[in-house]
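Look for chain A in each of the two complexes below; its partner is chain B in the first and chain C in the second.
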Partner chain A sequence: MTEGSRNITRQKLSRRSVLAGFGAGASYLAMPWVARAQDEIIRIGFPTPLTGPFAAEARDQVKCAALAVKQFNDKGGINGRKVELLVRDDKLNGGEAATRTLELIEKDKVHAIVGALSSAVQLAVNEVTRARGIIYVSISQSDTINEVKDFSKYTFHEALNPHMTTAAVARHSFKKGNKVAHLVADYAYGHEMLRGFKRAQAQIGAETVGEILHPFGAADYSTFMPRLRSMRPGILCISNFGRDQANSIKQAVDFGMKQQMKIVVPVLLHNQRLAVGPDVYEGVVGGANYYWGLESGNPSAKAFNDAYRDGNRNAIPTDYGAYGYTGVSSLLLAMQAAGGTDTEKVITALEDLKYDVAKGPQQYRKCDHQSVQSVLVLESKKAASMKSEVDLFDIVANEPASTDLLRSCSELGFPA
Partner chain B sequence: MDTELILMQLFSGVALGAILVITALGLSIIFGMLGVVNFAHGALFMVGAYAGLWVASLTGSFWWGLLVAPIMIGAFGMIIEFVLVRPLYGRSIDDPLLLTFGLGYVLVEAVRIIFGSDGIPFPTPPQLIGVVDLGVGFFPIYRLFVIGLVILVLLLLWLGLEKTRFGLIVRAGARDPTIMRVLGVDIGKVWLVVFGLGVGLAALGGVLAGPMRSVNPEMGSLVLAEAFVVTVIGGLGSLLGSIVAGLLVGIAISMTALFAPEMATIVMFALMAVVLLIRPQGLFGKLA
Partner chain C sequence: MSSPALAAPATASERKPSSVTAALAAYRVPLSILALCLLPWLLPSKALAVNVLVYGVVAVGYNLLFGYTGLLSFGHAAFFGAGAYITGIAIGQFGVPWLVAVFLGILGGGALAFIIGGLTTRTRGIYFSMVTLALAQLVYYVALQASSWTGGENGLRGFTVDKINLFGTTINFLDPINKYYVLMMFAALALWAVSRILNSPFGAAIEAIRENERRARTCGYDVEKTKLLAFTLSGLICALAGTMSALHLAFVPLDVLHYHTSGMIVMMTLLGGARSFFGPFVGALAFLLMEDVFSLWTSHWQIIVGSIFILFVLFLPRGLWGTFLEKAVR
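Take a look at the complex of A and B:
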């Protein structure tokens, strides 16, 4: 039961940090005079789905965000002002996220928001921050948030977007003449990944032999398997997230699909690989914003991993955890450069910022505020070649940060 | 669309139906005999999966987990009945419903505290890994095993209820507990066993589902919904109803998955709505 004990330690730690966030929020409600007296403190709101199917990823986000805040505070804060993280559970629900965000802005008087984990929830948060003129650093995958329709000057997108993820994954796993069948979760995330893959396929010359949309949160995928097999693909491309990914890959493997086709996913999820084991994921290829194994050739990753290990009993940060770290770090670096929390100055600072905190150089593109960054392509290792319990993936490629992977500003609808 | 694919799809539906039957059966038995709507059913399904995993990891064998976990959780179910549910008999039907609803949350949270909320790998037993060629397509050996086991369990249940003295008492007790008491039968003991049996079946469903799905604290929430839909379609309390409805829902999901896959989850609720409109008591239910 080593898996179990590992999970227990994680649970305790995350719970503590979450409680710290909740406690801080509650003290403001209880003592409004304190809030006024402590205007010095820089408050960052952090809505994320602590409960529900993406809870594992959300908790990692919180831990890493808290690490970024701690590092700034240990160095004396920002111009002497301490930073505080206010964590809220958005329950993976757009309405809940909007309410929590509004509370963070109105009651807790946060200076900026970082967070959200689902593409649809993130858009709900964005609606609120955009209307209130509050800076929002989104750490969930989305394409629409870059487009002119959803864009606001207050919004920065730290996460990869589906377009760049699928472009990088396709570049390293599809070949001309490949036949690709798609199994796709029927909501924004799946739709955007599918669109990205099909666009990349068109460039590479790989053919789509069929696509099946499955309901979000389905537990059984057996009924999709006969039809997927009858499409006779060389590649089965599964675009879904969280437990949907674990369940669908597990059942595809049960049905013997891996003997006949390669399984490719847009994002190879660290926690889901842990949850279903190496045999199920063996040979599955997918993208990632971060993998701890980067540290062998990347000093920023080494520093980030070491700092995380220190505070988390030698555990390593995960992919979605890293978003919490890079997202909060970029915001705080910009606040430091801007000399405070003045919204306009911080926006300018974010636009000018060049940062390298965990994975190599990153920079927000001016037109759509998308973070231009490297994309990893990973392949899940087989059990026999794992050197440790956390040695999960081989890095197939590290696609360097480049606007080549993004849609151009004019394609997104921005004036040239 | 060729016939092979449709046949294969039909078979997938029956297989899925078998899994639905096993998850719905415990719920149906407890309601049919005791009149208690067990909202902790999904949570007990999940606890069963964890218990199976725990026993399997201690003994190193899936088979011990499959055998011991349902008995263990069934005994736990008896404690639940004796300590929590029993004081509520004779009160409104809502009271045990609310109690078990809360109990479900407690169980989920307890598992989160003990095992963490990330989920734990539950490997398929090595003897049952792989696929077989059915002539119309490939099918996992493990799922075939599940179908076989479900048939076996149904057969045993039927024999137990129809051919034994205890079964006779259970059936009579479900119809008129007062008369049974007058005849000198300790109906409390019967209810204890029936509740334990229902909970044990939920746990068995959980252990069987473990190698097919990821095992995590929330795995029971969808199962509760599915089990309810199946029992409502079949008629609350009717065992035959649960079996027929489980297969029906499985086939409906499978066929929808073929023609309109994004509707595959909704179709069972649509089916339930249609059945309720035409036959409010369900396919095999009796009018109150």
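Take a look at the complex of A and C:
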């Protein structure tokens, strides 16, 4: 009995030690390589809704983000370290985005996260990165993320926010004494845009004659149009996103609303205008973070467009795509300035960073980490005056980067 | 008590059970817990493993009603979501300790299930499905409108649990392994509870109702009360899963209350095999794993997952685990 058990023990021991020896040997061989690889590659997680209603915008974001990464890698990376972009489908769902972000942080050991394309989804990512001290550059419109309750020192908001977008659009499309009717998507995006417009109206002296909320993803707007018309507005302000924007404008045009009033939207969407055509959108005014036509007077837009054309069969970058480029570029520039990926150093570098990569000078405001940047006000062109298929908009105004467009730090709840 | 009929009732009543099935049935709880212990080391990521736990518990709870009582509910997202929201609100807005918040979540979800069950279990068939769907949508819109409590469209946030005290020790809850094993204890508890329910006379009663409601009534069972109790218990288990999800993600998206979630729960249960104890868990695992792996390969992952689901419904109606048990009998 004792003999037998000792035998077993000995056998076990010997097998184990062999295994251990193998393991040690293998790890010794692999170690320098593994360690170096982890040292060298800078990994950036990029959750974005590749499936779902915003898939077209998400694909543009990925292309532009990949372009930014490629440009840095072509120049030799950051201090010799290559950059890798890890794209994940967040399915436009907060829970899914939080899971993907956890995976990126825990399994893929990313150094930072850039991405998300919905107010709710970016807040989900923000919760995860905030708790774990991972830098996150958000590239989707939101006012909430600026407020002190959701603020995280690790989070930087590269996208425009509804407040600044509506302020710029209102400045160039509303006049004192205008009567404005609102058609608003009944969720965070619509509500924040409506709030922004009303605030701008109060300053300008334009009156609100009525507001109607419509459900997110509505296909039929025919019941709203007679009600909106009966309000007799001079301006119809439609605050919704994606396909909703195209559908609602199309139906407003079918009802002949354009003959009686001007249509204004907070964000004039490149892809929706392409999908629907010039006649429906003709004369519609709205804001944008980027339009490729900026290139005629802006060298950084020209450089960005050219680089994008090179890699994408002469296509031009879109508004939401540009967020992917500016977001990733700002992060990589800060990493370059910080000399690596040390979180605290990169945060300081981002706060101090002045960058101009696609649309003119930009800078993150210290208190809320909102990117202070120019806002374009665009008007959709007539079919007859379009010079090419992608010549969609006239630039009505290029509101320069200024904190005047933003809510003040104290209003957001930050200590003065 | 530990009859294999409960593991695969339909097959077992037709054929003599083999020793494998009998063993699987007799030790189903310890065996399932053993499987859960190994799970995080077998899956591509820990976050996915926790999701499997959460949705596994939902599907097992749902199966109590669907597979065993024979009621097809399209509203279980409501209880799942209620559990998640109540836990999140309790921690974030009232500073309740996490364990108390979990209990509040379970109780709240259970109470909601009792109310919705009271309103729906007297209807049958497609009407039952439609009424549960309608009431769950009602819960969705309440959560959307009550945004000062729930965060509305933006989702509920601000209740990250980073450290927990358990049995006198402080555990770093942000660590994925710790999180998994803490939440696994809840999942194990749920599995044990469901197994215990199914082994009880009550478990036999709900199966009797599924097989033949009129006969069950003639035998003297109070069918309405039994259905209501099954509905409430199922809701309690789903609410528990909701609280686990809230603790896991530290975020409750409004989408948890959407009817897509209810549909996904049905899909997971069917994929794994309704009418088997562990089947729904296997279904949740298969569903989430496919989603995770294929969405890394291609943005057209929905086509692949959808096709696989159709193939299963067509050729393996007993689901993954149900088919496995059937083969094991032979």
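Just so it is clear, the second predicted complex is superposed on the first by the 377 of 416 C-alpha atoms of A that agree within 3 Å, B and C clash if a C-alpha of one lies under 4 Å from a C-alpha of the other, contacts with A are read in each partner's own complex, and residues count from 1 in each chain.
Following the convention adopted for this analysis, a contact is a pair of C-beta atoms (placed from the backbone, for glycine too) under 8 Å apart; a residue touches a chain by one contact, two chains touch by 3 or more.
This one's a predicted model, so the numbers in the text were calculated from it and none came from an experiment.
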Chain B and chain C placed together on chain A: clash or fit? fit
Partner touching more residues of chain A, chain B vs chain C, is chain B
Item checked: Which of chain B and chain C A:A55 touches, first, second, both or neither -> both
State whether A:A246 touches chain B only (first), chain C only (second), both chains, or neither. first
Classify the contacts of A:M231 with the two partner chains as first (chain B alone), second (chain C alone), both, or neither. neither
Looking at A:L274, would you say it contacts chain B, chain C, both, or neither? Reply first, second, both or neither.
first
Exercise. Report for A:D254: first if it touches chain B alone, second if chain C alone, otherwise both or neither.
Key: first
After superposition on the shared chain, which partner residues are touched by A:D89: those of chain B (first), chain C (second), both, or neither?
second
For this session: Could you say whether A:A218 touches chain B, chain C, both of them, or neither, answering first, second, both or neither?
Result: first
Once both structures are superposed, the least CA distance from chain B to chain C in Å comes to 5
In chain A, both chain B and chain C touch residues 55, 59
Touching chain A in the complex, chain B uses residues 2, 4-5, 8-9, 12-13, 15-16, 19, 54, 57, 112-121, 123-124, 130-131, 137-140, 142-143, 212-214, 216, 218-219, 222-223, 253-254, 257-258, 261-266
Within the complex, chain C is touched by chain A residues 50-51, 55, 59, 88-89, 91, 93-95, 98-99, 102-103, 106-107, 119-121, 123-124, 126-128, 130-132, 144, 149-150, 187-188
Note: in the complex, chain A contacts chain B through residues 1, 3-4, 6-8, 10-11, 52-53, 55-56, 59, 186, 212-215, 217-220, 222-227, 229-230, 243, 246-247, 250-251, 254-256, 271-272, 274-277, 279-280
Contacts from chain C onto chain A in the complex sit at residues 44-48, 51, 144, 152-155, 157-158, 160, 162, 174, 176, 245, 249-251, 253-256, 295-296, 299, 301-302
